[in-house]
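Chain lettering (A, B, C and D) follows the sequence in which the chains are written, and residue indices restart at 1 in each chain.
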Amino acid sequence: MTEDLLPTLAAYEEAARAALSPRLAAYFLAGAGAETTLAANQEAFGQVSVIPRHLRDLRGGTAQARVGNLRLSHPLIVAPFAYQTLLTPEGEIATAKAAAAQGALMTLSAQSATLMEDVRANGPSCLWFQLYWQTTREATLALCQRAAWAGFQALVLTIDAPVNGVRDAEIESGFALPNGARAVNLTDQPQPNFAPLGEGESAIFDRIAHIVPIWKDIEWLLDNAPLPIYLKGILHPDDAALAMKAGAAGVIVSNHGGRVLDCAIASLRALPAIRQAVGPNAMVLMDGGIRRGVDIFKAIALGADAVMVGRPVIHGLAVAGAAGAAHVLRLLQDEFEIAMMLAGCRTLADISPECVHLNW
Amino acid sequence: MTEDLLPTLAAYEEAARAALSPRLAAYFLAGAGAETTLAANQEAFGQVSVIPRHLRDLRGGTAQARVGNLRLSHPLIVAPFAYQTLLTPEGEIATAKAAAAQGALMTLSAQSATLMEDVRANGPSCLWFQLYWQTTREATLALCQRAAWAGFQALVLTIDAPVNGVRDAEIESGFALPNGARAVNLTDQPQPNFAPLGEGESAIFDRIAHIVPIWKDIEWLLDNAPLPIYLKGILHPDDAALAMKAGAAGVIVSNHGGRVLDCAIASLRALPAIRQAVGPNAMVLMDGGIRRGVDIFKAIALGADAVMVGRPVIHGLAVAGAAGAAHVLRLLQDEFEIAMMLAGCRTLADISPECVHLNW
Amino acid sequence: MTEDLLPTLAAYEEAARAALSPRLAAYFLAGAGAETTLAANQEAFGQVSVIPRHLRDLRGGTAQARVGNLRLSHPLIVAPFAYQTLLTPEGEIATAKAAAAQGALMTLSAQSATLMEDVRANGPSCLWFQLYWQTTREATLALCQRAAWAGFQALVLTIDAPVNGVRDAEIESGFALPNGARAVNLTDQPQPNFAPLGEGESAIFDRIAHIVPIWKDIEWLLDNAPLPIYLKGILHPDDAALAMKAGAAGVIVSNHGGRVLDCAIASLRALPAIRQAVGPNAMVLMDGGIRRGVDIFKAIALGADAVMVGRPVIHGLAVAGAAGAAHVLRLLQDEFEIAMMLAGCRTLADISPECVHLNW
Amino acid sequence: MTEDLLPTLAAYEEAARAALSPRLAAYFLAGAGAETTLAANQEAFGQVSVIPRHLRDLRGGTAQARVGNLRLSHPLIVAPFAYQTLLTPEGEIATAKAAAAQGALMTLSAQSATLMEDVRANGPSCLWFQLYWQTTREATLALCQRAAWAGFQALVLTIDAPVNGVRDAEIESGFALPNGARAVNLTDQPQPNFAPLGEGESAIFDRIAHIVPIWKDIEWLLDNAPLPIYLKGILHPDDAALAMKAGAAGVIVSNHGGRVLDCAIASLRALPAIRQAVGPNAMVLMDGGIRRGVDIFKAIALGADAVMVGRPVIHGLAVAGAAGAAHVLRLLQDEFEIAMMLAGCRTLADISPECVHLNW
C-alpha cells in the first residue's frame, strides 16, 4: 500500500477525474452520445432500495460465487477495457496483479496494450480473455486458440459493437491513440478492406454488415472454440435465450458501459427479464453502473450470478496503479460483504428479488 | 466542407446559440410561453430507451423510407421554417443545397425569404411546400397551384396555428423582422381586414375565428388542390382520423416545435395513439424534439414513417451555412444508420414498438 | 397605461420580486414551511398537458363563464389578499380599478387596508367580499351584513386557516405590519380573549378550537346570511359535499396558495375528485398555482367553473400599480382565449377532461 | 431562552451546519455511502401530501400519544445518539433537560458520554435506554439490568448495525473520537477478541457473525430482561412480525438515519407494510427524515404510534445547547398541533391513511 491510497470509492473517482488528462478521461470514462445510457445505468441502481432482514444466523456465510467452473471469492470480475498502459505504466499487468492480490477474476481485453501471454504470466487470476469478432471465422478462431494456449480458461465475446458508438466526448476531446499504445495481440489480425461505396450504397449495410458476425457464425464458433464463451452485450431476453440455446457458457447483460448505443436500456433494467428468459441455472453476469458494494448486491438480487466492474478499476489504476486498483477491488468486496451482513444474507443464494424494492 | 464544421451535433447546437444574436436565438430556437412543451418534446425522447437485438443478418439493409410516392434515402425531412436569410445570406437556397447534397427531402416554408421558384431551381430535393391557410379558399388554392407550377410535389398545410402562440422569449428579446427579410411568396396574398371590436366582442372568437379554416374548408381544398396535402400539427387521434378520412396524404404529428400552444402534449407522447387511430398504412410523420439519430429510431419505433427536423438544421445554418446544414443532416443520417445496426434492424420495418422501452 | 408595463407575465413576476423589499416579498409571495405546497401547486399544472383539437368552427365562441348569478367575461376572478396598500399607494382601490378595467370579478379581502365601502364605490366589478369567521356567530353575521349593505353580491368564507400556518420565510424576514396598514374593516370585531393555559392545556385544542367555527356554525350562517356564501379552502371531496349539502353557493378548491398548511395537496390534484363529489351542477372554483392563461384552461378541463388568481395580480400591483394589475389580468385573459382557440374549444363547455393528458 | 434561539427549524439546521466543525458535521449529520438513504428518508416525506378536513369540532382535542405504558404529551421521542458532549458541554444532560422542559420522552444512547445514572438524575423524562448487543447474552443482560436499576423504564435494542456502515463523509473528514468523549457506560463491557483470519476466512462471516445476536438470543433477552424492549431498525414486515411474536414491546421502523446500510429503503416507505403486518394494536414507532411537525403527522397517518427525532435535536444542541434543543422540540410539537388542527384531526386516532395522498 502506498500513501496514494484513498479512503473511499468516491474519492478514487474524483481523484481519477482530476488525474487523467481531459482526453484520457474522455476516452476511459465518458459514454456515447449525450451519455444518456451512462447516466441511466447508475440511475437504475439508484432506483433500487434494499429491504434488509435482521438477526439471522450468518455464521460461516460466504460471498463466494460460482461462475462456470470457477469458484470466486466474490461475485466481482474485472471487466475488459483497452490500452491500460495509458492509465499506468505497467498497464494490464498492474491490473492483473491487483486482481490476483484480491482474488478477483480478471478479463483481459483483446485490445490489451500488453501481450496476452505476459499478462497471464503475471496474472494467476486473469483467466478470461475478451475479444471481438475478427472479420472472418478463421481469424476469430485463431485468436481464441491463442488465448487457450496462453492459459485462459474462458472467452468473452463482445457482440454489441459491430460499429463504434458515436462518442461525443471522445470526439470533442480530440482523443487519438498516443504512440506506444497498440493492440499488440491483434497485429496479425486481418483488417477489413472495403471497396469504395457506389451510388446509393451504405457503409453500414453494404460494407460493415458483411464482415460482422451473425448467429450462424456464433454457433460455429461455439462449436469449434477451445474454450467456453460468454456472450457480452445482451440486453434483450430473446437474445439471451438464443445465446444459451446456441451453447454459450453464459450471457453478460451489458450496454458496453453506455459507450456504444446511447439510449440503450440500462443494464440493470434489462436484467430481470433476461434471468426470467434463461431460467435459474444459466450463467448471467452483468455490468454497467456498479460503483459501490451495495450495487453488486442489487444486481444479484435482480438475477445476476456475478458482476463486472470497469470504471472503478480505471479510477484505482489512474490514481495509484496496481495498488489503487487492488484497493478499489478490496473496498468493493468489503462493502459487498458488509451489505450482505446488513441485509441478513448468508450466501448469494439468499440475495433474492424479495431483498429489494424497485422504484421504477 | 469548410474548417467551420464541428465534430458533433451537440457542438453545433452550442455554437449556434453563441453565434446567433439574442433576438435571432429567441426567434429561431425558443418556444412559446414557459417553454414547457419545448422541453417536454425532448424529455419524451429521453424517456424512451432502446432494447437492441444482436447478431442478425443486416447485409443489404437500408435506411430508405417511403413517404407518399417518394423513396427517401433516410426517413429524415427538413422541416419548414421561415426567413432563413436571417441565418445565412443564401437563406433557403443554402438549405436546399444542403438537403440536396445529403439526399434529404426539404420542405420550403411559405414564409420563405426566397422565391419558391428560385429555391426549387437550386433544390432538386426541395419537393414539398408548406403553407398556412390564406384567409380565403381561393387565395389558399392559388398558392397551392403556384407551388405545383413551381414543381413542388406535395404540400404541407400547417393547421395548428390559427393564432400565434405567446412567445415570451421572442417578445422579451424585442425581436422584429429586420429589413430585407420578407415573406416574398406571400406578397400578393389577401390580408385580413378586421372591423373594430364592439363592446363585448372578442378578437379571437369574433374576428380571427371567421378567417381560419374549418374541416369543411380543408375537405374542399383536399378535393381541389393540384397536389397531395399533408396536415401538420395533429396531436389528437380523432383529428388524425378525420384528416385521413378527408383525403389528406398523411398527418404530421407536431406541436410546432413547442412554438404555438405552450403545454401542448409532446409530439412523441401523442404519436402512438395517432398511429393506432389511422392504422398501419396511413402516412404518419412527426417532428419536435429530434436532436440525434437515435431519436429518429425512437420515433419510427413508436409509429412514424419519417420525421422532420428543424432546429438541428438551424444550428448547422447558423454555424456554417449550407455546409453546416449539410453536415448536420449527414451526422443525423449516419447516427440513424448506426443506431439501426446497433439495434439489429435491417430496414425501417424492423423498427417496431418492441425495440423500445417506455419510461412514461 | 404607463411605460412601466412589461411584455410578459413572467417579466411581471421577476420584476415584482426585484421591486418588493425582502420583507414584503416574504409576506406576499412566500409560502408556509418549506414551501412544498407552494411548489406543488405549480408542479401540478406542469404535469398536465393539453391535447388540442383543430379545424373546428369557433365563430361566435366566447370565454364567458357563469359563476352563481354572475356572467363573467372570463373565468378569472381576483383572489382576496390582505393589505394591498403595502403594494401600491391606492391599495385595494387600485386593484378594483384594474379589475373593472378588464371586466374581472374581484374579491375584496376582509383584511383590506381600505374601507369596503370605498372599494365598492370605486370598483363596479368588486362584487365579492371575503371574510374569516369572527369569533362569534353574531360578529360574523354582522360583518356579512355590512358587506351586503355595501353592495357586495356574494361572500367568500375562508375556512382553511383556523390558525396561521408556519410561514418560515415571513418569520425569517422579520416581517411585521408597518404603521398605516390596518384591517380597517375589522376594527370593531371582537378579539379572542384567552385565559392563561393551565398545566397540560393546549393553546390549539383548549383555546383556539373553542372560537373557530364548526359545520353547525356554518350551517347557521348559511341560513342567516344576507348573501350567498362560497366556502374557500376545500381540498377533500367529502368536505365539498358537506358544503353543498349545507347550502353553500359553491366551493373554492384551495390550499390558501400554499400559505397555511405546508404539504397540503396541490389544489389542481384535489380538483377532479371534488368535481366528481359535487356533481356537474355545483359551482366549483379553484386557486393555487395559476400563472398563465393555459393554466386556467387546465383547471377548467379538470372541473373548475372559474379560477381565482392572487400572486399574478400582486406582481402587477407591485410593478405598476393599477395599470400593472390591469395588464396582468388582460394578459391572462388574452392567453386564455388564445389557448381556447389553439385547443379548439368554442366555449367553456368544450373544455373537458378529454382535452388534457395527466402525467401524474 | 437565550438570544441564540432561532426562529425556524430550517434556521437551526442551517446554523448547526455552520457551527459544527466539518468533522463533527460529518459524524453527526452525514449518512453512509453516497447518502442515498439519508436523502430517500426525506424524499419519502416529500412525496406524501396531506388532504385536510375542515370545520370539525376539535375542542378538547389532544396530541397525546400512548407508547407502551407511557402517556406522552406528543408523539415525539428524542432518538438516541452518541457522544453528545461533542455538541454541547453538558452533553446528554443538556438534552435531558431540554426533553424534560418540553415533556418529551428521551432515549439515552448506550454510547452516552455521560453516566446513565447522572442523566437519569437530571432527566425526569429520559426514561428509555438504548443499547446494542454486548457480545454475550450475559453482558447484554447486565447492561439492561443496570439501566433498570438506574430507573429507565424501557429499553431500545438497535439491531440494524451488526457492523458499521461505510460512512464516506465521516471517513473522508478524518473524524476520530476526541479525547474526553468516551462511552462511559460501556467501559466494563467485554470487547470482541478475534483470532487472526486464516486463508479464505471472512471477517464478516467467520468472526463478526459469531458475536452478533440472532433471533434466539433476542428471544432469550426478551424473556430475561427486567424491562420491556423495543427492537429498533426493522424495515421488513416479516421481521416486525417476528419481533412482536418474540415478545418485543414494539418495533421501531428505522434505517438508522441512513447511517448504516446506504440504499436501505426509506423508513416511511417501509412503514405501511409493517403496520399491516403487526396489526393495529402493536406499538410501531419510526424515525428517519422527520424535520417538521407535519412530518410527524404523515408518519402517524401511515401507521406510526410515535416518532423519534435525532438530527433536529442535534441542530438545536449545536446552536444553543439545552435551550436550543428544547426550542427545537417545542417548534416540532407546536407545528404538529397546528398540522392536526389544520388537517381537522382531534386526536391521533383521527390521523389515518385517508388523511394523506401518496405520490409514490
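Simple rule for what comes next: a contact is a pair of C-beta atoms (placed from the backbone, for glycine too) under 8 Å apart; a residue touches a chain by one contact, two chains touch by 3 or more.
As the structure is a computational prediction, the values presented were derived from the model and not from experiment.
Chemist: Rounded to a multiple of 5, how large is the rotation, in degrees, that superposes the C-alpha trace of subunit A on subunit D?
Modeler: 90
Chemist: Using C-alpha centroids, which chain lies at the maximum separation from subunit C?
Modeler: A
Chemist: Please tell me whether the contact surfaces of subunit B and subunit C are same or different in residue numbering, using the over-half criterion.
Modeler: different
Chemist: Calculate how many whole Å lie between the centre of subunit C and the centre of subunit D, each centre taken as the average of the chain's C-alpha atoms.
Modeler: Roughly 41 Å separates the two chain centres.
Chemist: Rounded to a whole Å, what is the gap between the Cα centroids of subunit B and subunit D?
Modeler: 59
Chemist: Residues touching two or more other chains, restricted to subunit D: which are they?
Modeler: There are none in subunit D.
Chemist: Show me the residue ranges of subunit D that touch subunit C in the complex, using the header's touch definition.
Modeler: Its residues touching subunit C are 7-11, 46, 48-63, 73, 292-294, 298, 334-335, 337-343, 346, 357, 359.
Chemist: In the complex, go through subunit A and note every residue touching subunit B.
Modeler: Answer in residue numbers: 33-34, 36-37, 40, 159-163, 165-166, 168, 171-172, 200, 202-206, 208-210, 212-215, 217-218, 233-236, 238-239, 242, 260-266, 269-270, 360.
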